[in-house]
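So that you can tell them apart, the chains are marked A, B, C and D in the order they are listed, and the count of residues begins at 1 in each.
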């Protein structure tokens, strides 16, 4: 509504009511103005009417929504199913152009604005979450795996002759596949067992690097997003090694700030400042509570980051879905700076509580929580199978049926498994020959106290059942369940 | 978005794209501006993004949506269920104030605007549909029955001593109840049988009027919305009688224009011009294809209408739901003038087709379509029960099960029925002793050709079944079905 | 989804995943089953997916949504604007039939179910909120004013010769209009001033009742929903008088339970049990945080209530909008019993806090909160105009501009005002000659702590400004503002 | 709703209404049952209530929506912004697992089902559109460019030593980038000029293939989606060459059936049957009118397709957004087989009309439509610049401002341009030295007659303006506009 419309409205509704409404509208418009001017998270999250109005306004800038537009191109953003059009607020052109995923589209000024703003908001969110120095972000409508692949493909254009990716072992298939998909050779570096915890073996990494030769190593790929008993990688140490050797360093990361009480050495920020960490990649779903399908490639490394991010943007071929970008845009505005920090804080505060309660349940059944001080999200509990050889897996199956999702049972075994063409021992345990079976759970962002308590009650029952010496007929059923659960 | 926001946007997206988007936005804003300036249906229906944006803009003018509002009243438009808030686009304050349902609310400039515009749009729609001279409308969030009650209550305040409502018989309970609910005495006037058709008995009406005395007659209540074989009331003749006798005249009407090929004498417009027709009342669902729950009280009578409508507005006690108003607002903007006329035209064109096809099916089974030239919407077909005394009602039941909705079977019977305290013979037939059983169907607005063909196919089958001489056991089942269907 | 569909799904997705999903679906279905079986609020509010699924399921039971339905009636629930159809979840037939607003519609089994369930849920919600003995509810798609009118029209059919409504004075126009709209004669009973508070004058009420004669009094109409300094009516005493005299008693009520710390004598429940309180009427928006437009007529009086409620239902002429009913249905399921009680509790807990803080601000500016122990929602603060005769109204205007909504300023004046044909002195103050000017605010359900603090900060500033001795030119502006604010 | 719920409903609503509603529900459920059983497009498109209900049902099978689920994993599908959750119907887990994008997820049976069904529906839609023999589809949440990249990466795993991609020149950057992004070497094959039209130079292709050697050629990449005056590639001839040489053949295609009146030799189906066409890739937005962001990799080649598609699925690293998949799912069910064929038919019927009208406008201004019989979608019109050297680009700019989107102006120039590291002459014209300037427009699917007429009116005006000999000052403005438009 503009001034003329407000003036006309006074012909239908008393002028003083309209005057007040106009003031309110200006207040709301100033939220959008501030967003465009500052390109930072609003201090407080936007209410839904403001958010919807902003989306309607932005969508109205794309040519497929223009009243009186005549579209004679191959691609005019026509959407035939009304339900589909509505769920995207009328946005249809996606993002990107052939040259660069972040280039503005002539037909889609609104979509282009949303993408530019989302990247700016994401960078601000990361900085506020502890990622000091984050200078740039590219939000990709690809989940983490493919985002790593794309980043590697981009890096390869900068270092066309390097073929190896050094990779402290982390038993997540998608990570390994991300490397193979890019046509590169992953070189796993076994972890060290430090007490209960698995840590980066820096010496082995340095040795392998000099063995292959820095010129033939495309990059080192670390992670800070892993299941206990693996701890986060020693980012700063790896970053220093990479700086020294002139080798790029990528990190698949979950969190930009150190968990409370941890030695902050591993943090993204210090690794970027004191060593070399070209960029880090975060999934939007795990970090920002949106549906699966997006990731952020960000950098806090002013020397190597900008060039790599520019190459990532220009490597992405053609257009892309705006959908995961839009989810992040809406979510960041919905949260605002205060909501975002509250969310992080709540997760951090939940972790020691969850751990304490888990220790109680574990102890009750003769088990213990593994000591993994370098993992602020995931926890593991030993599983000592009872007599009668009930497999550890059957515990997982019985919890799955009890509506507990996300619990992983790991049973180390000498049997090998080949993943992505590479043979592994005890795949899943991040280590050849971990001393015991265990299960892992996570205290992820957005977890509710209710979830934790519900889980612990069900775990308590399931452990009791699993530990109970089976009567003869039941043993069979247990075994069958266990098999089904594997 | 205002100019400052567009200027800022140029920092993120090339200026020429923003320039074009800004032009497009102005085009869209000018739709809203024109609406407020002209208060008429737009020539062409609005696209959904324009409509949604306008609703978001208007809702943002209500104080419950203001950012930073502090509400300390009893009624602050708080809506706790997000699903409810969303379905009303954030509107919560309803319409009306204690003084008048059309008075603007200080807390709800947006809702007030929507209501004022809806009344203006409805008047325009009625004029375009043939209601020449319609000068004023009140859209009520009440269906027709209660709207008639409210209008009668308002009229009573103008004529406090008149207690009788003369009412050419129309066997619809809600009409009779609308009169009783207002604490008034309905006086039914039996219809005349003219060939197959039932028409207003003007002589009986005039006689009853002089018998009771004009001073004690609150009004004559006619209808143009009835099931064949009843024809529409003779509006013009009644209007002339009312003008002569100084008695108010209300009409419960479906349609503002005469069906093609009908003598236009009955039309609202001519009755208002050449006689007295204080106001007419139309349901929004039957006329504008919105959900049940609203009605329009309109007038084309410059002498008596404005005073009555003002009284209707001020009689409505307190606030009211905006929901049926909003439905009409959205629908009229969605249709636009061209969509609205196309809809009316399509219905009018369908009627003779439907009738012709119905005649064929009826003839095939030895029945005929009753000749009711003064009903342009409803048609009736005779039902001659087959041997074995299968009741006519069983045909209705068998079509209901076949997913035919809206067909009414009428079997005249000598048995009396008391409705609203008044004894009737053959209630449902609008007449004591109609010569045959029949069923009625309507060619209502929005009917699709598919509906008609589907119905006729099912009717053909059902008639064949119904006419078939039953085997002995089946006769019972038929009877039982019939009973269930009554 | 039924068993066959789940079996087929196993051809596409592993059977154990489908098995778990099927269990989850049964859990969700059992929520709906329990609702239909118990017809009570669920213990915990439903999540939005469950609510949406239930609405989709229920809407699918109405014939306008049937796949393959052939509609040949006058009213087939066709909705032409997709935005309108979507916002009603496909429901189009409204509620009610000509005979009774609560009668099931053959074409709309889903809508009929929703209406029946809403009435049951509302009764349960009222009982849980302290309305012990509430046996029956009718949810009307009418706001309070028209619901009172309808109830009076229904009552008149039971007592056709009684014309007067005795009415302890409450200066809300819609209440008075509700009586006049029904064609009845309101008889105001002046209140007593008890300290700061205005209370029901029982002696005057009894005297007027015997003066007019019980046979000519249709009912006594009390209220428990009023602005301080008026206290709630003495329900129990009035109820005893009505029982004794055989006169019906209606109450326009906000709350079914006594505020904490109040003498519970006034409560609906005890008045219904120990005296006569035929029914009470509550707006859905003020009590359940839905948009304006609905009200509940309920009874806890087993002797007089059922007959009156049946008459209310059958007096409503024709069909009605389901929209306000649907809002209540969604909201009650969204809240659940725990959410509903938490909401009530929070409001009750906020009241003393709000009052305490208000006392501090008032004292700072030399004013005081009026002592009104019998009003648990509304509070009033004296306004002593400063030198220079700045009107009290100008304070209201300056707060309105500061985005404070809902504050009412009352300035007693000797000037009379005629409302609904009845002359009043000091209209707005519920009393002829209240000793001082004051403003009222409410601690209504759903109020947030943020609202209260924001209001108090703005009030503090506005009072300071208002009290400040004006410089000469400013006095004029102040006066003008004040005038604008009246 | 299940049988128990229906039985309970009969306690609230008459049994015969419930019976009919239950029948209707079974009819609706049988639509879903048929979909799961047949995995083909429904004969008729689903109405929106059916579609929404199915989505709600399917979403309810994912664990993040389970009532009473305790999520303790890293990824629990939590969505914090209600607007985001609603727009995805509650789906949050995306698709795919680390092993394979089409693998079912234990936490997301509903999402997994949607993905499996979408692939089946897409294959059916392609077959019905003329893609006889299409046996398999993978819908990717990647637009065409990245889908080509992924397919090439997959193919490379099958032929690790082949590095070259032979590529009949098509001047679309994203196509070239798709090859480079995969780390491969594109080898452009210049087109032949045949009259006005540019066609595949088969001899040059064969020569280059034997020069490089089949073992070092990863594949030939053809296209049937190009701007006139380029015609579609000679698919069948290329397919025969590839079959003979044992070289894979990929096609980036728009349409699966030959345009009416064209020699069908080029069609996907015959190339797959009589030669080698491993797979073809289609964008979902251009072909199915959904928002940008998805593509379909399909095959009709039983010998080479299945292996390649399996590799494509397993190459995709990790999870992916379901959003573009969901758009296609909704759209295909909304259209149904009849809607889909009607859409294709309408486009095919529009093409000759559009062309005829375009010829008239072109002739009026002394231009002509280029003769490009092998392009059934795009048309080009010569542009002979007027005296005064107004550049052709200025016509494009003036149409852009007139709200014509999608028109491309091409001015052949001797100046070279390097794209993706490869030098091109006259980039944009698909040919070095096309004889004239021209503009192209497309008759794309979903185009409305209104679009065409609006465009032609605006084109007529713009051509007249552009051809008009400029007055001196205007020449400058024209030049400036032109520059801005480039």
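Convention: a contact is a pair of C-beta atoms (placed from the backbone, for glycine too) under 8 Å apart; a residue touches a chain by one contact, two chains touch by 3 or more.
All of these numbers come straight from a predicted model, not from anything done at the bench.
Engineer: Would you kindly state whether over half or under half of the residue numbers at the subunit A/subunit B interface are used by both copies, giving same or different?
Structural biologist: same
Engineer: So, comparing C-alpha centroids, which chain is the farthest one from subunit B?
Structural biologist: The most distant chain relative to subunit B turns out to be A.
Engineer: Measuring centre to centre with CA averages, how many angstrom lie between subunit A and subunit B?
Structural biologist: The computed centroid separation for subunit A versus subunit B comes out at 56 Å.
Engineer: Where the CA atoms of subunit A average out and where those of subunit D average out, how many Å apart are those spots?
Structural biologist: Between these chains, centre-to-centre, one finds 30 Å.
Engineer: Quick check on subunit A: which residues sit in contact with 2+ other chains?
Structural biologist: As it turns out, subunit A has residues touching two or more other chains at 16, 20, 24, 48, 52, 63, 66, 68-69, 82, 86, 106, 400, 403.
Engineer: How about subunit A: which of its residues touch subunit B in the complex?
Structural biologist: Residues in contact with subunit B: 1-2, 4-5, 8-9, 11-14, 16-18, 20-21, 24-25, 27-29, 31-33, 36-37, 39, 47-50, 52-53, 56-57, 59-63, 65-69, 82, 85-86, 90, 104-106, 109-110, 112-113, 116-117.
Engineer: What does subunit A use to touch subunit C in their complex?
Structural biologist: Spelled out, the residues of subunit A in touch with subunit C are 16, 20, 23-24, 82, 86, 400-401, 403, 484.
Engineer: Tell me, which parts of subunit A touch subunit D in their complex?
Structural biologist: Residues 48, 51-52, 63, 66, 68-84, 87-89, 91-94, 98-99, 106-107, 141-146, 148-150, 153, 156-157, 172-175, 177-178, 180-183, 225, 227, 254, 285-286, 288-294, 314-324, 327, 330-331, 334-335, 343, 377-378, 400, 403-408, 441-447, 451-452, 454-455, 458 of subunit A touch subunit D in their complex.
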